[in-house]
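Structures incoming, each one as structure tokens.
Paired with chain B in one complex and with chain C in the other, chain A is shared by the two complexes that follow.
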Partner chain A sequence: MSEPTLKKRALRLRDAKPIVEIRNVTKRWGSFLAVDDISLDIAEGEFFAMLGPSGCGKTTLLRMVSGFETPSEGEVRIGGEDMTWVPPNKRPVNMVFQSYAVFPHMTVRKNVAYGLEVDRVPAAEIKTRVDEALALVQLSQFADRKPDQLSGGQRQRVALARALVKKPRVLLLDEPLSALDAKLRDAMRLELVKLQQQIGVTFIMVTHDQDEAMAVADRIAVLHKGRIRQVASPETLYQRPADAFVADFIGRTNFFEPKSVRRAGAGATVETAETAALAFDRVPEGDITLSLRPEKVRIGPEAKGDVTLQARLGDVAFQGENSVVELHLPSGRAILAFVAGDAAATVGAMEEGSAIPVAWNASDMLPLARG
Partner chain B sequence: MSAGPFQYARKTSMRTMFLLATIFLYAPIIVLIVFSFNDSRRGGNIVWRGFTTDYYVKAWNNASLIEAFANSITIAVISTIFATVLGAMTAVLLWRWRFPAKPVYEGLVALPIVIPEICMGVSLAVFFASTGLSIPPEAPWPLNLGNIIVAHITFSFPFAAMVIRTRLQSFPPEMAEAARDLGATEWRVFWDILIPHMVPGLIAGALLAFTLSLDDFVITFFTSGPNTVTFPVKVYSMLRFSVTPEINAASTVLILMTLVMTFIAIRLQKPTEMAQ
Partner chain C sequence: MESWRRATAAFAAFAGPTTLWLMVFFLVPLGIIWVYSFGENVSLTEIKTTWTWSNYARIFEPEIATLFWRTLWLSGIATVVCLIVGYPVALSIATAEAKWKPWLLLVIMLPFWTNLLIRTYAMLNILGAQGRLNDVIGWVWAAGDGLASLVGLDGLFGERFQPVTFLGTQLGVVIGLVYVQLPFAILPLYSSMERLDRSYLEASMDLGAGQFRTFFLVLVPLTSAGLVTAAIITFIPALGSFLTPDLLGRGQVDMIANVIERQFKKANDWPFGSALSLFLLYVTFIVLAVKAIIDMQAAKRRRS
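Right after this comes the complex of A and B.
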């Protein structure tokens, strides 16, 4: 997908009316707050991801959309209708389970047909729709196999076809790729995106893997301890994280602890152990920290920027297209830097502990509220 | 091989123990089977007088023995059907729902397994005699077996329930959720998803109930009448009059039947463990 079509898609999605509306939803298990007053709109045709560490409430939220859990408070609307108390078998949504939950005693065809059979769809229509669904996930030649004769990836496709054959308004995916091995996972990511664009159904995916969410989603909700930290496009999450938790969870980052913060209006002058006083236009309320992405750190003799330091080289991890370099700053703090190309070769040739100039721009440091 | 988990199997003392245990366990059965082919008039005769299959023919031609055998099979088939259905329902109830005093109920269901058979036999005999709920012995066959069938269901369904519940433990809850998600009602989930998963447990439970019923003596003895003699009861009565190799032959057939069924039950349980 080229840049302009991406923009167009983002604009179209912004204008689309919401298909799923989560209104002030809270879920309690005894005294434990699994989901804490979350409101969220998911647009029609959107690929939406809910991202967070385990126990953040993302799966509970998904299960409230599917109907397997009911909120303690709040409302879940699907397609403009209140579905809060509607049982899962009467909701216009379908789910792909983490374990796939493919029925072991049925063939692939029977698995896919099951949802239509319980709806009493005429046999002839079932056949054409099942054939279509199997073709969509490229499983036509496996139609008569039993699940135990399929690989993990194929079983996942059965689960996908089984859910999609019902023509749901929303497809829910609970950690759909976590049970696959790394290579297959990357391939399936691309396939999921293609599939979603092809059929135009809203996808809501739950994952703890930030790479996965970034690779597939139009928008991502980052959850932590039952609350939403930020809802934004992958680019925005990475470049303008709402707080230190999001910055830390999405990609890698270096944090600098302020020694002093002198506020002036919305901005402030912040001084850290490593940097002299730097002025920022916008600084959030309360306790803050400064975040600097590793790729913004320039190293080597030609490195230039608002902040320049002499560092000592630590570990260098070669990772193909770039290298991850550990740098020990004079203050004793270690930071990470990504270097590519010639700089990577230079660094690779240097010995551990040798002195190396390091620089970055003050504008690349983001003052963030501590999570 | 150096140190391994079964290294003690190489020790002579352990081997002797194993050998002795095997002899004590199986020598009587092997003797029983061997002497069912002994060409001797008396079954108690331990002198080998040559090979014959006459006593199998004799047993086959013994009308009252065959009648007892038919009774036993009829009782076993009918009580197995009821015990399996009842056991399955109990297993699903205990597995699926939480209700007040559930541990008490669980204990009550398991109790017939530990209650001495003699007590159950007496209690059932007293129950049938005192409540008048008993079916008269002159009722037409197979209705006259009713008392025994009820007694057999009573003691065998807890065993079936145990086996089926073990199978249910391995049911992945997402399977039911997936079916619900695809539009199935709770009732359809039960029939389309849960029952097929239970099948190996149902078969194993049924086979267990069948073998338990087939060879039960004590409880049957207390609940049977003169017209409702079962195979084990008949063998016992034959033993009191005359000991002939006919009994050996009949018992060998019973051993074989039980063995085959136990083997099938084990085979049906195994693949499910591997699937986990």
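Right after this comes the complex of A and C.
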């Protein structure tokens, strides 16, 4: 997909009506607050991801959309209708379970037909729709197999076909790729994106894997301890994280603790152990930290920037197109840098512990509220 | 683990005593019974082994054959009732909160702490003509009778309360068998439900099925192994039950074990008693063989 179509898609989705509206939803288990007053709109046709570490409430939120949990407070609307108390079998959404939950006592065809049979769809229609769904996930030749004769990836596609054959308005995916091995996972990511664009159904995916969310989603909600930290496109999350938690969770970053913060209006002058006083136009309220992405760090004799330091070289991990370099700053702090091309070759030839010039631009440091 | 072939001494030390015990107290008596079953009574105390088949032939005489059928029938009914009653009980334990499960299972196993004989006498107390169950039925009758006379339908339920006869009837024996066997049915059912991935049931609901269809189309098929085990483990001991028909049947609802007992005691016909015992054993083997075949075919169906 080229850049202009991406833009167009983002614009179209921004103007689309919300298909799922989560309104001030709270879920308590005894005294434990699993979901804490979350409001969220998900647009029709969007590929939306809920991302967060385990226990952040993302699965509970998904299960409240599917109907397996009911909110302690708040409202869940689907397609403009209040669905808060509607049981799962009466909701226009279908789910792909983490374990796939493909019925082991039925063939692939029977599994896919199940949802239509319980809806008493006429047999002839069931046959055509099941055939279509199986073709969509490229499982036509496996229709008469039993699930335990299928691979993990195939079983997952049965689960997808079984959910999609019901023509849901929203497809829910609970950690859909976590049970697959790494190679297959990458392939399935692409397939999921293609599938979603082909059929245009809204996908809501729950995952703890930030790479996965970044690769597939139009927008991502980052959750932590039952609250939303940020909802944004993958690019925005990476480049303009709302706080230190998001910056740390999405990609990798280096944090610099401020020694002093002198505020002036919305901005402030921040001094750290590594840097002289730097002025920032916008600095969030409260306790802050400075984030610097590893790819913004330049190293080597030619490195230039607002901040220049002499560091000592630590571990170098070669990762194909770039290398991850650990640098020990004079202050004692260790930071990471991504280097590519000639610089990587230079660094690769150096001894651990040798002195190396390091530089970056002050504008690449982001003042963020501590998460 | 080391192969037992290479550690013969250790293997003999561990397996030896058990093997000896089973030989002396199980295989040898069984062999004696087997030999007896081909014998004839020649005097009050002497049995001559003549390798006759007549003892086995007598099993198929109408009187005994009927008893065998009754045994199969009562055990079958008791098994079906155990499954129907036990299934929801097992389900509610399996879906109960984790902290309650051990206690609920304890309640199921509690009867094993009391001797079967004492529990059966308790059943006599409950099922008797003036028993507790009849007290309850009588109370319900009185309430119904009162209501009927209120609306001017005096005597709708009969002139006087007639206690229901449980003792000495097939109903009473089935109640007793169900009571004794129910825990054995619940435990394998519970374990098959406990192992079941809850998301199968959620997937069914998610795909539009209600509770009812999820139960019959997903839960029951996926716990069928537990159902078969529960059925076998209920049916086989029921086939050989002696005390329950003896006490609750009042000698009027004999099952095969009662007849076997009579051969060894009152009738003093050990050869015939032996033949009956072994025949019951063969029937049990057939039941187990049927289960094995079902298991094998299920495995084959999964593969093909």
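One rule holds for everything that comes next: the second predicted complex is superposed on the first by the 371 of 371 C-alpha atoms of A that agree within 3 Å, B and C clash if a C-alpha of one lies under 4 Å from a C-alpha of the other, contacts with A are read in each partner's own complex, and residues count from 1 in each chain.
One rule holds for everything that comes next: contacts are C-beta pairs under 8 Å (C-beta built on N, C-alpha and C of every residue); 3 or more make two chains touch, one makes a residue touch a chain.
All of these numbers come straight from a predicted model, not from anything done at the bench.
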Inset, instruction - Identify whether chain B and chain C fit side by side or clash on chain A in the overlaid structures. - result: clash
Inset, instruction - For A:Arg12, decide between first (touching chain B), second (touching chain C), both and neither. - result: neither
Inset, instruction - Pick one for A:Lys146: touches chain B only (first), chain C only (second), both, or neither. - result: second
Inset, instruction - Using the superposition on chain A described above, determine whether A:Asn94 touches chain B (first), chain C (second), both, or neither. - result: both
Legend entry - Touching partner for A:His105 - first (chain B), second (chain C), both, neither: both
Legend entry - chain B versus chain C as contact partner of A:Arg162, first or second or both or neither: both
Inset, instruction - Could you tell me if A:Phe68 is touching chain B, chain C, both of them or neither one (first, second, both, neither)? - result: both
Legend entry - Residues on chain A lying within both footprints (that of chain B and that of chain C): 66-68, 87-90, 94-95, 97-99, 101, 103-105, 114-115, 118-119, 148, 159, 162-163, 166
Inset, instruction - Using the touch definition up top, name the residues of chain C that touch chain A in the complex. - result: 197, 199-200, 202-210, 213, 217-218, 221-222, 224, 301-303
Inset, instruction - Can you check the complex and tell me which residues of chain B touch chain A? - result: 172, 174-175, 177-185, 188, 192-193, 196-197, 275
Legend entry - chain A residues touching chain C - in the complex, by the definition given at the top: 66-68, 87-90, 94-95, 97-99, 101, 103-105, 114-115, 118-119, 146, 148-149, 159, 162-163, 166
Inset, instruction - Over in the complex, which chain A residues touch chain B? Could you list them? - result: 66-68, 87-90, 93-95, 97-99, 101-105, 114-115, 118-119, 148, 159, 162-163, 166
